[in-house]
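Every chain is named by a letter (A, B, C and D) in the order it is written, and numbering of its residues begins at 1.
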């Protein structure tokens, strides 16, 4: 199943909980005779020769005092994390969560992370902090550079799109993957598919909206700071050639604690067909939010590792379709 | 807007009501200054040079005593027809509904239809009887052949796929369009788009169903005889590469008179993503059933007319995407 | 059909548009032979002997320069008003919209309104400004008192619940109706009915939420100031004996301009039954927002008129069920 | 928790699976310190003094060769049974499934069942065969009479409503509970609550329908024989004073195997309010079908046992609200 990727994580939230538990969940399935090429919820059984379960966690960083010092196995189920427990035995990882870089943290913190990455033999550093911490994302990217490891940025922060950083990784012979992962099955991808379908069929869209609600920290954060995400969702539709003036996007219409890590999305599309007769579509989409992320992270991490091992530096083209804002791609930007 | 297509219709049901009213509805819009290239619900403003409203009804056949002898304008709103009245003034057509061919009708009836088609200067005969009358479809096709007019078959009856008939049209230098029109925005096309999306994203579909309810005669008929339509819907998915063993299709789950010509469809898809966590999609689709047909018929009729005028005989390739069972196309059949 | 209520309105928004157009819509129906006791959407054909259409608009106040000076018939369809045009001919009312009281308006404005109410022979003053203008509501109530007319407060402002004001109306022999009208079919009443049903049946509710979206000014306002409405919605459930700790209410999850005066609500309830097996309910409710208000205003206005004519002062008990915050009622407060 | 009810069951389907597993599930909860008076999904913690978990299975009858001879614990999970496994350890019951009465079974079979009921010390016989076997229901009731045990009929068969049978039980001093249990949270009870709410508010209902789909044997059976259930559902609404001419009920719109014992119901209501503006409600209800039955059976069984122990013969009034067709009750029949 390929040599396991040696992975460190910056941010021990639900996504890392989903990723770690999932790795053991799929390992169990395969061990119990399940066909590795027909695993439920897996698009790419192997990337290079690396299997889904071939990920070894070797380092973790977080600023939450409730998580620091705990074995990663225990830290991932510490509140406010609320991803469900999968039906998998996750053994002690022998990885204690180390203090992460803080906003006012100086050079010494970056040095500490760099040192830790080197000592643990990390191949890939996964950056998965809450959205909106551009400065911290840059510091972690810098630590990865200094340690000589690949970097994966799951968030919308400007890292792979930063020409200076990208060129530094390129010169250092290191892969840089980002920015902003596209969910496994996100609301916007469903919304876009339906809007495109209407367009292809000749139905005139007259109005549309998308509401998302959930109970994890993302939804609490986005309630107040969702406008950049709102714009980015509209941009994504516009790039697909869809007229967006009658479309309203609400990334977090409500923080609903009892939903936990579940996300519920409501998509409405109204249109008219022959004789201006109305057509309406109402979609109710229910997903496990962090599974939606981990299902893509598993591919980005393996792409980064394969690139590193092959000696391919910079941004790997294989990652384009899994990212919302790649440095190159649909926009033709280089 | 191009010379108007001279159209005769076999069967004066909701589809013809939608078509006739719509032609005047769009003519009004354009006359009132609406941009002809941005008409609501119209995919192809012109086919050849023929505009949407460039259709002149010159003949009509039906077996319903309540419709025979009426001007077409009045026949289209005679029950059980229940397509809504569009906001358009439909003038007297000076076309009286003539007696249609009946099952036990002999050669004389076909001759009468042929004669009428010739005398009215018909270019295209649209066949739009209720599903399941293979023999009548053949007789009308024969009348079209004899009269030297193009033939459009909206129904699943085997006409364009009948090699003998197709070759007769070819030899006579006449276009033959069919079989079974694909709705403007049908339930199955939405269902398929979503199933394909899940597949592309790597979500494993675990189960799915589709229920349709409506209040026009189709839904009453399909309640008892829906199994062939059920199979054809599953086949369409299978041809798109979708595993259908966990999919249930119900073309008519209920005849609900008060819905009139409205159709409501419910589509459910369940799947699993990373860590086998569930994903569910419930779609509620509401459409005007006969607008859904007329929005495609308008294109098939114009394709037939353009082919006739250009002298292109047989099945026109431009119609492939608008048909469920074309004689050539996705199935690689010639 | 009883002597027509002479009505003046403070605030010429969608509610007044719905009320005025509706009065003529129902008058037309009855004149065309429709049974007055089976009118669509009408709960109380007569209150006292006053019919639904027995309302004569005699005065109107607003601060919008686009509405002041216009005949009421034209003011009600002036943007941002966006209630649809009903299928009714509304004649010129011979009522010009007068300048309403402004926040910094002094005693002279109140005097002007009082004078106008007297001169127009007003029986009832309907207060229907946007939510959140307590001071203006008090000034209009004072003008009604001075003019000797009944007062109906549709908004959550504290008027009928203000003991001093209520006692002033009582002593003046005038009816005072308020506060905060309960919608004809509001989201909360549907939500509560379903929660109560689950409770009665022995299903344990584990979580629930309610999201409302719309395109009129209310939804734009509530986006930023919805928290008091959120609390009031939870209180209403709590008073009905429902445990609210797992319930989230979002009065305005999004302002969606293209919805116009339509409101869409999504209600979700999750629960468990025997063996802790899950039960889920998802409701999609679509209503015309201002019809939802006018359908109750028509009753409050008639109750106020009947009370005035009968000489019954203070708060009329008949209005309790149509208000969210009556001065007496479910809470046993006097 | 009261002396355990000694229960025998006729028919070992999903309902009995839910009942047996649930009894142990709740016993576990209480043993682990859960408050007996706040059990999830339980309306009546005690009936008489009998707790939810105070049911001891002492006999079982079925005609399925795959179930006969098995311990009840294993028989309840034998296909086509597909109720899920609850998180409860169900121990061996020391109750082997005995051959049930067959249609052509003579007096000897009844005698065998009677003998078994006496020897096992049964207090209550629960009749829970598939719908439509009137003759078998009568034979089992007869066996209960002969053995001197109480009888509970979950099905629509005519037992408690049969005056002769009821009087026989009365004379024998035995309780008789039936007919046709009302689900814990059935589609019809939700449908009725919403229709009544609209009526109370003065919204005029214009049309409504209800579709149910599921994957257990009931849904396969009802596909072909659902018309009596359809009528009974309409009757229930009519008795609640609801005009049913515009309502369509579809007890089984589709048999969808992959749903297993889950049931999905779609309820639509269209209406008009003020100014004849439309109101629409679409409800998606998902329940565990057999939990929906077992949650009521647990009460009927305890009511029967309490009556027997108190010496109250005939139909116990306490059961009225839990039955669709009680011999007395809402219909005023005695």
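The definition used in the following text is that a residue touches a chain if its C-beta (ideal position, glycine included) is under 8 Å from a C-beta of that chain, and two chains touch if they have at least 3 such contacts.
Keep in mind the model is a prediction, meaning the values are calculated, not measured.
Our note on geometry: chain A versus chain C, Cα centroid distance of 47 Å, whole angstroms. In terms of their C-alpha centroids, the spacing between chain C and chain D amounts to 45 Å.
Multi-chain contact residues, meaning those touching two or more other chains, occur in chain D at positions 206, 282, 284. In terms of inter-chain touching, the protein chains here make up one closed cycle, each touching precisely two others.
Remark: the chains found to touch one another pair up as A-B, A-C, B-D, C-D.
Within the complex formed with chain B, the residues of chain A that make contact are 18, 21-22, 25, 40-44, 84, 86, 184-185, 189-190, 193-194, 197-198, 201-204, 206, 271-288, 291-292, 294-295, 298.
On chain D, the positions that touch chain B within their shared complex are 206-207, 209, 211, 213, 246, 248, 250, 253-259, 264, 266, 268, 270, 282, 284.
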